[in-house]
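Letters A, B, C and D name the chains as they come in the text, with residue numbers starting at 1 for each one.
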Amino acid sequence: MTQAYPSPDLSVNLGGIQMANPVAVASGTFGYGQEYEKFVDIAAIGALIVKGTTLTARPGNPNPRIVETPAGMLNAIGLENPGVDVFLDEYLPYLHAKNVTVIANIAGNSIEEYAALAARLEGQEGIAGIELNISCPNVKQGGLQFGTDPDTVYQVVKTVKGETGLPVLPKLSPNVTDIVAIARAAEAAGADALSMINTLMGMAISVQERQPVLANVFGGLSGPAIKPVALRMVYQVYQEVGIPILGGGGIMCCEDALEFIMAGATAVSIGTGNFVHPRLALDIVQGISDYMQAHEIEHLQAIKGCAVR
Amino acid sequence: MLEKGKIIRHNQVGTDLYEIELAAGAIVREAQPGQFIHLRVGDAYDPLLRRPLSIYDVDAEKGTMEILYRVVGKGTKLLTQLTAGEELDLMGPLGAGFSIAEGINKVCLIGGGVGIAPLVFLARRLRSKNVELCFLQGTRTRAQIVAEQRLQAWSVDHYIATQDGSCGYHGMVTDLLTDENIMQGVQFIYTCGPEPMMKAVQAWACQHHIQGELSLEEYMACGIGACLGCARKLHSQDEFYVKICKDGPVFGLHEVELYEGRTGS
Amino acid sequence: MTQAYPSPDLSVNLGGIQMANPVAVASGTFGYGQEYEKFVDIAAIGALIVKGTTLTARPGNPNPRIVETPAGMLNAIGLENPGVDVFLDEYLPYLHAKNVTVIANIAGNSIEEYAALAARLEGQEGIAGIELNISCPNVKQGGLQFGTDPDTVYQVVKTVKGETGLPVLPKLSPNVTDIVAIARAAEAAGADALSMINTLMGMAISVQERQPVLANVFGGLSGPAIKPVALRMVYQVYQEVGIPILGGGGIMCCEDALEFIMAGATAVSIGTGNFVHPRLALDIVQGISDYMQAHEIEHLQAIKGCAVR
Amino acid sequence: MLEKGKIIRHNQVGTDLYEIELAAGAIVREAQPGQFIHLRVGDAYDPLLRRPLSIYDVDAEKGTMEILYRVVGKGTKLLTQLTAGEELDLMGPLGAGFSIAEGINKVCLIGGGVGIAPLVFLARRLRSKNVELCFLQGTRTRAQIVAEQRLQAWSVDHYIATQDGSCGYHGMVTDLLTDENIMQGVQFIYTCGPEPMMKAVQAWACQHHIQGELSLEEYMACGIGACLGCARKLHSQDEFYVKICKDGPVFGLHEVELYEGRTGS
């Protein structure tokens, strides 16, 4: 690589979250960062979205919790986490001291729980933003997911925005008929950016045992298998909303990341890919930088959404 | 640690059983018996995830390690195609290995099938500390017996049981536990293999008040405690789950509720 | 394989469609059968669902129309077909003479078109049933797909049932929030069976050309990548409806087919797999037969839905 | 036809260029120049679809055929790993090949890059009918020139053009069309290669009122006309699409509207 062109500016602003580069690691796929420290400089990652946090500790689902599928995997972790207080006391200070750009990910079973979680995070040092996992069952509405109904999405986002000054990114579920309607509702409620997509709901059956492989029966499909669906949704939403998009789903290499950026994503998130290549996020940062130099691109803004017809 | 391990040797050693010797100096320097490596088979996205395989043996001087694997599915089938000179993408050494208690003079190692893999490395380490050991290996048939030569070289008492009687004792390897000539003086037990086998070992050890350790398996994604995928309750009435990849794969022999059939849930 | 057990009975009744075995080939993936004659005995296939037919000829979409994705492919054929009259005059008689179990697949842009197509097929010899492709844009309702709204699904099925005495199988789109609601609507309207699933909507971008790979931008994702989603939907719908299900999406081997049957499918359909292995349908028939013998299963009814908890 | 073709020989013949010789008697018996085989690379689902490759040469007596391929993506990269003795799952021969008109005494074959593959088999067939031919091969550089020996063995006039001038004429292979010494007496042209190259051939042939044939490419799924995936309009104003796999890959030289850049749509 010749240095004919000055080092490109990789920084992006994701709805108020200032990222040194456009590559985040996705919630639930990077633990609280420490697990990956042996393999990669976690402070160099654009943003580290920590494991989903609930108000109180959750043991998670029975095992088996994961199973591989063609070019993908299913997971039904069941939001195992130690609860928000333990997160704030034991994990966050360490990440903050290391200068990691942390995005918290919160999940509730009711609007009140989301509100309480947002309030609890408010004013905590070292949190750059809040990702709202709205793919949890809404217990008040009989278990239908928050993320599948525009009105509920509006209410959750609006409520959380009222509790916090931090940038708020609702994380959209792909298991919907009309992703644009959901995105619009989130934007109207004041979302600062959108995170998309969460996993597709799927399952696997063990023919030998004549039962579902996952103890939870259903699980979330992630990995390269879902990339075409994720990319399509980012492309559709980018044309209809004004707020920035954190795009991801199946990103395994720099080219995949560029596809999302060309579809309209301001930044990208790496999930399952971390398991395969622990250094993937930073390899992609490097790859994007090389691409920008080779094509004399000063800022990603220049190619963001360029594939949209 | 991430390391590209060059394949030095790759050969079949039994029915569906293969050994790979890898140059992986950095991993070898840190490797402890009972730990595993997490390796990527091929570059394509099917299979997608890494595969966990125990460290079967190491040669610290040469900076090489070996794995012993059984072909069960698409990942291990693909693995058989790799040849000397090619590189494998490795993460490791991962997990909590066997503890080597001080002041123990004689131990028993019981492995079923490919479960002997971590026990061979453990045997090497124990022998280097002059611990006396009996190594009980159970397989279905003669063609699945491995590691005979190295165990002999380390002067390990090696007892074999085959289910079809084609070699050694005819029956389950755990039957050998009742043989007092073998078990005489054993102070600690290490085991790895199918859960029903380990359950029998556990029962025997419990009855004889002998401590020990075992190694568990579970589907894995990250291999390092980040994805929470390889969860398991040590006892069915526990509230929380351990992670096999990080809290294990090695656990205390009497710490775990084992199952006859499918891993309980 | 020892012959300890008598040859199993592979025949199934799919809502009035009598199939000699439970393996169909999916619409659009087997042409009109003739293309595959060199490779396989097409009369031995459980049912041959022919390429989607419209009232008049359609040229289809511009190229590129297909692109491979991880463990899958995207297609945007655009329903290229010579129109229903040519189908009836030139293709059907040949298949009928060969004793092939033919299921017609029809697609319209309005309820009237579906009705006209069903009426046109009525009384034609050699058609065992009609698969309704309701994943086409509903031009009257501004392009939203028929298959994504339960009321529209109800109307289309009801109308078609009024025009024909043949068994009618609506083919459900997976691009919906609540597949069970759609399935229930189809059942309530009198559907004889359900075909599920059609493709997931996705896209791919060429980073080099900075534009979508498919000329049509979006395409339908098929192949092993989508199997977990398809299986989940069959499993969900099986518990909630009484009519039989033709299940498919990513089936590549006998074990995949058995997964669908254990999830509740009465029969299965092979799509993309035909491209990979032209003899796949019959290989799977053989595999199922072997499995039944080995497990002493007299009829698939014995394992249908056995994985459902 | 479906056939398992055993690999007899597999070797690199140039930069990113490989030849595979396969035992595939049934396909060879039917194969015509310009036809292709559709092959499966590996058993996994990534890559998923078969890959179309031209029949590069055949040996009817031995019942073997050859393919010449360039490594461009994951399928062809995986292909390089296969070794003699392994089997490839083949469909073929597929598509409509070149027509061999009667009463033609001299033809010109123009291939760019790996596009020469179908032309080599065609050259063999034409020479067996004693047709005189000049074979123009264009590559980027010397290391990409292939088939020299066989063309020489068949007494074919072989002209080479390289873009970097490292061998033969320095420039585009289509420049050679203006060389009267070469083209003297040519009655028919066959071409295969990048579209801009074929477009130049077409223009020249049009000007000189010479008929010919060319071979097109498009992404393929089924390879036999069933999926309607490999569609293309012969002329942009056409209403209907032809299918490259079934109606082609060979078309009349003047029948097709070619593009300078990306395949038009």
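Please note the rule applied: a contact is a pair of C-beta atoms (placed from the backbone, for glycine too) under 8 Å apart; a residue touches a chain by one contact, two chains touch by 3 or more.
These numbers were taken from a predicted model, which means no experiment stands behind them.
Set against the C-alpha centre of chain D, every other chain centre is closer than that of B.
In whole angstrom, the spacing between the mean C-alpha positions of chain B and chain C is 46. Separating the CA-averaged centres of chain A and chain B is a span of 36 Å.
Chain B and chain D have Cα centroids separated by 53 Å. Counting only residues that touch two or more partner chains, chain C has 70-72, 223-225. Looking at chain D, one finds that residues 45-47 touch two or more other chains. In terms of which chains touch, the assembly is arranged so that all chains touch all other chains. Considering their complex, residues 70-71, 224 of chain C touch chain B.
Every residue of chain A that touches chain C in the complex is listed here, in rising order: 69-72, 74, 148, 175-178, 200-207, 210-212, 217-219, 221, 223-229, 231-232, 235, 250, 255, 258-259, 262-263, 303, 306-307, 309. Of all residues in chain D, those touching chain C in their complex are 1-2, 40, 45-50, 91, 218-233, 239-241, 246, 262-263, 265. Across the complex, chain B is touched by residues 42-47, 74, 77-78, 81 of chain D.
Taken together, the chain C residues at the contact with chain D in this complex read 28-31, 35-36, 38-39, 51, 59-68, 70-73, 75, 77, 80, 209, 215, 223-225, 252, 272, 274-279.
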